[in-house]
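As structure tokens, the structure follows; a few thoughts come after it.
Chain naming follows the written order as A, B, C and D, and within any one chain the residues start at number 1.
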Amino acid sequence: MKEIKSFGIAGGDKRQLFLAKSISDNCYDVQLGGFEKLKSTGSLVLCDMKTMFAESDAIIFPVPSVRADHSINTPFSYESYYIDNEDILLIKNKPIFISMKENFLRAYPQLQSAELYDYSAEEEFAILNALPTAEGAIEVAMTEYEGTISGSKTLIVGYGRIGKLLSNKLKVLGSEVTVAARSKSDLAYIKALGYGVRNTNQLKSVKGFDMVFNTVPAKIFDKDLLMNTDRNTLIIDLASLPGGVDFEIAKQNKIDAVRALSLPGKTSPKTAGEIIKTVIFNIIEEVYR
Amino acid sequence: MKEIKSFGIAGGDKRQLFLAKSISDNCYDVQLGGFEKLKSTGSLVLCDMKTMFAESDAIIFPVPSVRADHSINTPFSYESYYIDNEDILLIKNKPIFISMKENFLRAYPQLQSAELYDYSAEEEFAILNALPTAEGAIEVAMTEYEGTISGSKTLIVGYGRIGKLLSNKLKVLGSEVTVAARSKSDLAYIKALGYGVRNTNQLKSVKGFDMVFNTVPAKIFDKDLLMNTDRNTLIIDLASLPGGVDFEIAKQNKIDAVRALSLPGKTSPKTAGEIIKTVIFNIIEEVYR
Amino acid sequence: MKEIKSFGIAGGDKRQLFLAKSISDNCYDVQLGGFEKLKSTGSLVLCDMKTMFAESDAIIFPVPSVRADHSINTPFSYESYYIDNEDILLIKNKPIFISMKENFLRAYPQLQSAELYDYSAEEEFAILNALPTAEGAIEVAMTEYEGTISGSKTLIVGYGRIGKLLSNKLKVLGSEVTVAARSKSDLAYIKALGYGVRNTNQLKSVKGFDMVFNTVPAKIFDKDLLMNTDRNTLIIDLASLPGGVDFEIAKQNKIDAVRALSLPGKTSPKTAGEIIKTVIFNIIEEVYR
Amino acid sequence: MKEIKSFGIAGGDKRQLFLAKSISDNCYDVQLGGFEKLKSTGSLVLCDMKTMFAESDAIIFPVPSVRADHSINTPFSYESYYIDNEDILLIKNKPIFISMKENFLRAYPQLQSAELYDYSAEEEFAILNALPTAEGAIEVAMTEYEGTISGSKTLIVGYGRIGKLLSNKLKVLGSEVTVAARSKSDLAYIKALGYGVRNTNQLKSVKGFDMVFNTVPAKIFDKDLLMNTDRNTLIIDLASLPGGVDFEIAKQNKIDAVRALSLPGKTSPKTAGEIIKTVIFNIIEEVYR
């Protein structure tokens, strides 16, 4: 990787705008392609995709990088943009930062041998995004629940990255928090931290909770469990698709269940953009070291 | 006050429904008048206003109790309802719980000598509502702000009931909190609790904050101060009307300013209804003691 | 008050040493009198009392300033020191900062007309000291109690300056906290903050608590209440003398009761000294304004 | 394992007394051997070791179970006790719960084929003990440090079981916490949780901290690092022997360094005893399942 003095941002939503701003604050030149709907973005340079490809030392594609039709994900653009052969020549010798590499290469196999870095595959990316996800889950809970978090009884299913942060935030806001997990070590941590404990494997009923947050990507809330869940419970499903709740059955049983996906991008695009920057800059630092 | 075995709920919004449910959970008979738009509310008895007046031992009017046109505040009703002379006879010898007594008596001076209790005038009512207000303010902040509370820099102007709870909640969510107050004792408490301190009297500029919460019912954010406030600051005005922000000037200066009023009723009607119950039951207990 | 360029510290314990260091860090000259037991204190100037009186622009006496025999409170000195007429002439036209003015003037009535400031009488002094007092109470609890604070059940009697901070600290450390208070507004705040609530006036028994912290300077834990207190309860009495616990009866009933007085000076002399500086500097600022 | 109706406690310190009490509260018969110094312990049965061995369904040895001279660890006994052949016959067919199996079997190889369970080897034991260890570390800090935790600047080296809990507790008490760790995922978590971050591998100097807690069992604070550590820093070494601080060099450099070992047993014997019970009962439950 050569020294990078300028970054090109190829499409994306508000996250990419905040990413661009944050990189610009670090005194790099930044050009944005694929934002024609915007008239101006302060000091950031808006240009067409080809100019940006040509003039930037490194290119950053958004989350997700490409759409199902292989066009670049450019919600701020009026038209779809497809990388053509000219573009390939412009960028194939530059560092290219992308998300979900497999999909990207399926769309543009010609870039197989390019200097590709999948920032979305870094563990750091997942950990850092757990914070805006947990906060976004609380925003959803505040919006959907008719009482206050303070004084509520909540159950979090799963004690991974999101469960760890979400349990802490709910507790400090005054909720009485129970966490369900599987591994002995997780169960011990949950006890040591003062939460109520449930074993996910033995979750036969969910009674006495105002809100339930599912973080486990498996059908935990199937028909059996939903038949044994209080009607006045609000279930917020944070698990990636297909999710952990049978929404059909939930509806039949008059249980309020909502799906909350991609929270960082939706509820905290600024933080989400800054996380992309942090991860990319750490990749660059490691390559150079 | 005679022993109360049944309560009548005269109109109101979702808060009154949760209030009714909470009273019913305490094993009192509850009848609701002025909710024709609802088909059913579980085990609660919906009836017409006159039946409710006749059959209840005590009557509870909502917040606010009456509208400007003197009709009862019945958003769940298709028509306006005015207390007539027949009603007066039915309720004048029963305990009547109302909000904003002055307005109520202006509408119905015939009830001047009735057994009226203004629950909204109790200090306890204001203190208990500070909690859903503070949480509601955080909901507004999460919705409006594009970053996360965690890691943000926030300023709270005023250290009264709301400022005390809001500063605590923002801090435990990871914000770097500064509080502006006037009295020496408030300033000392703010310092002792580890917040940044500003003197409201010397607030000549507001720089370096992501979000500002105003709780002081005085025009703190006037032209002078707004001219010295960062453009990318989000101001959330919690002060009752006319509020503490010159929204016109804020808009001109491209400062995001939003008004957040009556938060408990809007964001946490369940908690708000339960607070009304708590205050009314404490009034009853005091009268009996 | 003339401009002050140098401060003289007249005796005192470790607090005064930290006070001196903190003032010195603000670039004032500082001389200490009454510390003969110390060989050196870094960059601070140790001298005899008279030199210090003569050469300082302002004099600071410790907490307490004088002993029962009228000598200056100089625990770091081998001999007692009494202010003589020569000293009076040296200091009577300078700002003198003292604690407990009444006792001081009883010892030295000749200074009645001097420029005396009682920093210990400032409300700010009491509020700021509530923090090290609350933390000191937790230190005592950790030392005396054989379990962890986390998971314990605690009762705090009194919701004044210390009760407010102590309840918060115990809760964030994982204790299940109940607070007893008298006024309706205090009781409402306690409820809003999510603590258990008891009315001090109706405290007929204390059952189910691991630890009790009394902050009320009245005999709350008298024979009647101690007869209805669990034997395995640890009572920590933070109230100033004569205190709030009948220690004789407690001992007879095999209740562990300990007195914890003057905690800031004992457990956090650095913080206590810095608080004295803060209060004195605020007094100076107000006089000049 | 046959059904257990009675437990025998073989020696140990206060932890074993609280363990015995806690088991007794669950309605098991409990007999204690090796506590001759005690006259009575409430409802617990004190007897000689042999009687206890004979009459109990399961035996629990303390932490550590045996001394270097192979005697049972019985600090509450006047004499040393060695398990003899008669005892072996009494206990070899019963479940025996011990700590540090290797040492135990070195002393009593005849029990090699007995039904031994090393509760101290369970991960759950280590995780649950992290809580009293973290709280004990704060007790040591409060005792040794002359300021308050609130407002202090602290560094925690290591983000394992203890580091995770200690960082949280220090932060909620108002300290400005920085954590040093090595793995990328730990560093990301530390950042996500809002602490200051340092990379342990790049720890060349420790400046600007009031207190440092070392949890890493490696000589982190060697001569090089101690030469670049502020003199007024308090270092609390929580790492098991040989520890992580060169105390000799620290002393020469006038850095306050203290060793804090076996904190749960020393500062929270009640909690430590209850943890032993929890782990043993979970072992029993798993065997039966």
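What we mean here is this: a residue touches a chain if its C-beta (ideal position, glycine included) is under 8 Å from a C-beta of that chain, and two chains touch if they have at least 3 such contacts.
This one's a predicted model, so the numbers in the text were calculated from it and none came from an experiment.
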{"item": "Centroid comparison with subunit B (C-alpha atoms), farthest chain", "value": "D"}
{"item": "Chain copies touching (subunit C, subunit D) - same or different residues, decided at half shared", "value": "same"}
{"item": "Between A-C and B-C, the pair joined by more C-beta contacts", "value": "B-C"}
{"item": "Between subunit B and subunit C, centroid-to-centroid distance (C-alpha), Å", "value": "39"}
{"item": "Chain centre separation (subunit C, subunit D; CA means) in Å", "value": "35"}
{"item": "Subunit A and subunit C, separation of their C-alpha mean positions in angstrom", "value": "50"}
{"item": "Subunit C residues counted as touching two or more neighbouring chains", "value": "131, 150-151, 172"}
{"item": "Complex interface listing, subunit B residues touching subunit D", "value": "150-151, 172, 174, 194"}
{"item": "Parts of subunit B lying in touch with subunit C, wherever the complex brings them together", "value": "123-124, 127-128, 130-131, 165, 168, 172, 184-185, 187-189, 191-193, 278, 282"}
{"item": "For the subunit A and subunit B complex, residues of the former touching the latter", "value": "14, 18, 131-132, 135-136, 138-139, 142-143, 145-151, 169, 172-173, 267-271, 274"}
